[in-house]
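Per-chain numbering from 1; labels A, B, C, D and E assigned in written order.
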Amino acid sequence: VSDEAADGGTAGGDGDSITIGIKFDQPGLGLREGSEYTGFDVEVAKYVAKELGYEGDKVVFKESVSAQRETLIESGQVKLIFATYSINDARKQKVSFGGPYFIAGQDLLVAADNTDITGPESLNGKKLCSVAGSTPAQNIKEKFAQQVDLQEYDTYSKCVQELSAGSVDAVTTDNVILAGFAAQPQYAGKLKVVGAPFTEERYGVGLKKGDTELCGKVNSAITKMIDSGDWQKAIDKTVGPSGFKVATATNPPKPDAGS
Amino acid sequence: MNQQASVLFDAPGPRAQKVHLIITIIGWVLLIAAVAGVLWGLRDELTPAKLLPFADPMAWTGYLLPGLGATLAAAATSVVTAIILGVLLGCGRLSGIKIIRIVCGLFVEFFRAVPVLLMMVFSWYFFIFVLRVPSAWQSFAGVVVGLTFYNGSVIAELIRSGVHSLPKGQSEAGLAVGLTPSQVLTSIQLPQAITAMLPSLVSQLVVILKDTALGSLIVYSDVLKQATELSTWKGNLIATFIVVALIFIVVNYALTSFAQWLERRLRARGARPRPATAPPTAPGLPTV
Amino acid sequence: MGKFGQMMAQFDLLHAFWVTIQLSVLGALGALVIGTVVAIMRVSPVRSLQLFGAGYVNIIRNTPLTLLLFFCWFGLRISSGIQLGLPSDPTQVLSLRWAIIAVAVYHASFVAEAIRSGVNTVPQGQAEAARAIGLGFFDSLRHVVLPQAFRGAVAPLGNVLIALIKNTTVAATIGLYEAAYTMKGMIEFYPQLLYVTFALIALGFIILTLPTGIFFTSMSRKVAVQR
Amino acid sequence: MTDSVSDPSVAEPGRTDAEADATPIPSHVDTSAAPLVDIVGVNKHFGDLHVLQDINLSVSKGEVVVVLGPSGSGKSTLCRTINRLETIDNGRISIDGVPLPEEGRALARLRADVGMVFQSFNLFAHKTIVENVTLGPIKVRGKSNAEARQHAMDLLERVGVANQADKYPAQLSGGQQQRVAIARALAMDPKVMLFDEPTSALDPEMVQEVLDVMVGLAKQGMTMIVVTHEMGFARKAADRVVFMSDGQIVEEDEPDAFFTNPQSTRAQDFLGKILSH
Amino acid sequence: MTDSVSDPSVAEPGRTDAEADATPIPSHVDTSAAPLVDIVGVNKHFGDLHVLQDINLSVSKGEVVVVLGPSGSGKSTLCRTINRLETIDNGRISIDGVPLPEEGRALARLRADVGMVFQSFNLFAHKTIVENVTLGPIKVRGKSNAEARQHAMDLLERVGVANQADKYPAQLSGGQQQRVAIARALAMDPKVMLFDEPTSALDPEMVQEVLDVMVGLAKQGMTMIVVTHEMGFARKAADRVVFMSDGQIVEEDEPDAFFTNPQSTRAQDFLGKILSH
């Protein structure tokens, strides 16, 4: 990948550029489109970077798949991570978090004309797709619908392909991720997010453990983004086209520094 | 192919040729029908909207070509490391010292028994969690290590069987002119064994190249992973997979053809001017 | 040890290997059937059948199994709607069936090559002698060439079977709960047990492949045609 | 055909009175009828190589023809065209008046009438000796198992390997295998027998046992075409020697005349090399 | 050794005066010194098979010994034990007074002094003709490339294949390959040459060219042990014939005496088979 050339000990930042980890394969959040990057994570990342003093080609994006996120930070290969990174205690032992900049919740994606799936409880006897080894699917199976038939892949795009062809009934993961797929032009009008989130995922900004100074800067940048209305604009631009409505009870969140 | 075919049956006469023609026509009709059926089934996946992205240069310069480059890089690195490992292990298995033979034998047998995917996944996590190498190298190293251990073992076996399949007379003739056993191995047996197994070695290269596709499971940015990303962006999963399959078939077919060309060339050098002569082992004895 | 017990409780390793075994056995049977047909095409006197056989082998052998499996699963099953059973059948059942198809189709090309190499072990003189006493094409095939060819093919077929068993791991990509899939989950959730996990799974595969190898080697020695 | 092999060393009668300038016609050879094997104007190429050049050869019933010539001269190819193991480019080959069929059952039937013995024996490696001999009669002639086996045992007796009947070919010496191969061909009651260097893959002390069987066959009136370098056999049993070189029949003569007074320089040269050691 | 091969058909002098009851000692054979090859009480088993049974044989400098015997009698095995390509169970073999070393450099050095020519030539298939001949001198004797090549070309000239020097073995005829194999062995300046059926894999018209080279060698006083069935060679060049059967040396004699009047029934039987056709 072209932008991994900036790798190495100093690549994380402090020079004249900053390396930020994002997802490359999640429409609406972090998606590589050729040499461009789109999505809500990317918008927030760019805003924060600008506040930190990096703009335009000074911001280098690097792919950070789930399993590699901690090492990327610990080894200093990236300065910040905006990659649907839920804040939890296990992760806090290795990295620190800024934010949260978004509060997502696990939800379901179904065909636009589907009416019988209204929430996790209605999944019994249905086919549900998610990514391998992820907690969302196990969650549903254990807490809501024992009879659900699980199909797992390594990427969500395969789940969505299956859903659009009608061979699974629902896809589950964080609502904003689902909305990103539903907002893609090729699925426009065909898929919808059910809109009844049943967990709370606080998306944080991963950064080096104990770097409170950076954490503070990130948090004030996020606060500024929310207050200026740019946050809402970013939401509308990236996941808005799916018809997805952000739960206003929790969003926009209040960054609680050092969380 | 025809050389082999002539073993089994007579040259066809006129009636047989007619029958062959009929079978040929029926066969083509069936084949075309099957292909058409599949294409019809995939009509929603092969729409202009889903195929047009491949006319966009970005699909190639941003995804497929870098992916192919990464695939080739991992394959090429693995080939070199696997050959080095394979030659070492192969010589180890042919060594005069028993303990070396046994250790190399166990090594080879173990890695031939363990799936490449398993080796890749294990070494990937090993590089992430234990060695903590930079993330850019984690996947690459996982792919290369997985491919090296497996293919190194296979190459070791190729070398060993190559040496064993040489006529015994070759090494005996070497010994008889006064070469030591290790001189015989290096100047008589290995050169011939390697020449003899070059075609299989190139076929093994095809295997390596194909197996790099497993790298996408440990997020190596090979052509398959790049294609997956591309298809996520464009929403044309099936069309993309078909294009990637075509890329693999073309590259591998080129390699296979190279292997066959090489084999022919090597055989041409050793070809007897008169193929019909009796093999050297068959004694033809004139008396009186 | 506590972690280990927890992991073993969470992941049903025995079931995972049972799926691997089912996939291997059924895939191998399918590969044998398709491969024999392709091999017969390749050695048949009809040029177009030879070409078809060669085309099959060249295309399939040069395609990664992963892609073939994707094509079957996403292309044939999902997009073109070819069903192996009811759409309501559990996903695990469907993915096993399609994995069997892909594994069989892929390895059939190797089986065909193994059988062809078996045919190659039969000296040309055998078929000529059969023809010279007046046996026709099918009789000489049935009584002279094939019996010897199959004996010569035992060892290479054994190698194909071993490769097949190991290649079943690719089915993890379509979410089949077999050994490799389970291993990935185990490592992701219990990275501290990395070595144990790897050793366990590797051992499982060695238990499957090693006896297979030994069996085929001794078989090939036993049925070998003395020349 | 059911006599046992009689003393082979007794010389054939009625042979010495032939003239040297024409191919002699021994008394036991029946030339009144049409030739049994008739090869007319046959050409054959392997790629650019013209291996058979306008070959004409006819062999009468009961005649024994020895084909001689340097390596690569086309002897084996000629032999193999006679039962169409090799196709020909043009010309005509007929057996007992019937042109060689091009394919199918007719060809198989004709081949059953032409026995062939190969240099490398080519016994069916996965079948026992007696199964090797009975396979043809059962599958081609439709004989019953018992009948075929009985006949096979007689033939094996005749070539002197009946006691090996239930062994596999690899367990026999070369000489024994070649005798079994002869029995296998004889089991089809062939009209003519082709031998392609039947003794040149044998250890020297086994050559004689095979030649003995062949001489015996010749004396019983079998029509034979034999490619061989065994001059002793040619002298003892041949009615005619055909010398080939570079795909052509260069010379044909009665054996004694050929060996003592070859006409062509190529034959002289060849005999010089063969006979000097 | 650097003379060219002279007319091989001239009979060896000093051979006819030997008595029939004892192995004759021709004048050119030096028996005053210790034997060059000395085999004493050698036994060898292959599994249960006793292939060499208490073999005693000594060969003097300049002597040419032909070993005869039926297939499987142990001739090749005997030949191969002399440069330890086969180990022996017990007994003693020494070359020029030095017992055969068991392994390592010493063994390799001794093998370099014993030339060996195989039935199937065994030229190194991946090396050109001249490389085949120079490999030993360069690697074992440490000669320079140029010197080795010069000597090799002389030897190839002598065996008549100098014009093929840069071809690969597979491009040569059998007779040419075997002559190269002889040159390869000669390039090491061996004290004794072993030949294991050197002509039995050859097309008949190529046998003579190889025998000519061997006869030439014999006449120049090379010590030779030759396993062969070529009676012509034995008569022309051998000082002594050794007849083996079932792993034993059954009879030893001067060639004329052996061929005309073999003592043992086994030898009579064998000669009967070999010479009759």
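One rule holds in what follows: a residue touches a chain if its C-beta (ideal position, glycine included) is under 8 Å from a C-beta of that chain, and two chains touch if they have at least 3 such contacts.
Quantities reported herein were computed from a predicted structural model and do not represent experimental measurements.
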Touching both subunit A and subunit E (chains): B
Closest chain to global C-alpha mean, per-chain Cα centroids: B
Length of the line joining the C-alpha centres of subunit B and subunit C, rounded to whole Å: 17
Intercentroid distance (Cα basis), subunit E paired with subunit D, Å: 36
Chain centre separation in whole Å, for subunit C relative to subunit A (CA means): 40
Per-residue overlap in subunit D, given as positions that touch at least 2 other chains: 71, 104, 120, 203-204, 207, 229-230, 232, 274, 277
Per-residue overlap in subunit C, given as positions that touch at least 2 other chains: 74, 79, 131, 172-173, 184
Where subunit B touches two or more other chains at once, by residue number: 10, 12, 16, 217, 237, 277-278, 282-288
Pairwise chain contacts, counting only pairs that touch as defined: A-B, A-C, B-C, B-D, B-E, C-D, D-E
In the complex, subunit A residues that touch subunit C: 67, 127, 132-133, 149-154, 158, 161-162, 165, 167-168
Residues of subunit A touching subunit B in the complex: 1-2, 4, 7-8, 24-27, 31-35, 62-65, 67-68, 71-72, 74-75, 77, 154-155, 157-158, 161, 184-187
Complex contact set, residues of subunit D against subunit E: 9, 70-71, 173, 203-209, 211, 229-230, 232-233, 270, 273-274, 276-277
For the subunit B and subunit C complex, residues of the former touching the latter: 1, 4-10, 12, 16, 19-20, 23-24, 27-28, 31, 38, 40-42, 44-45, 109-110, 112-118, 121-122, 125-126, 129-130, 206, 210-211, 213-214, 216-217, 224, 237-238, 241-242, 244-245, 248-249, 252-253, 256
Subunit A partner contacts - residues on subunit B that touch it in the complex: 49, 58, 62-63, 66, 128, 132, 134-136, 138, 217, 219, 221, 228-229, 231-237
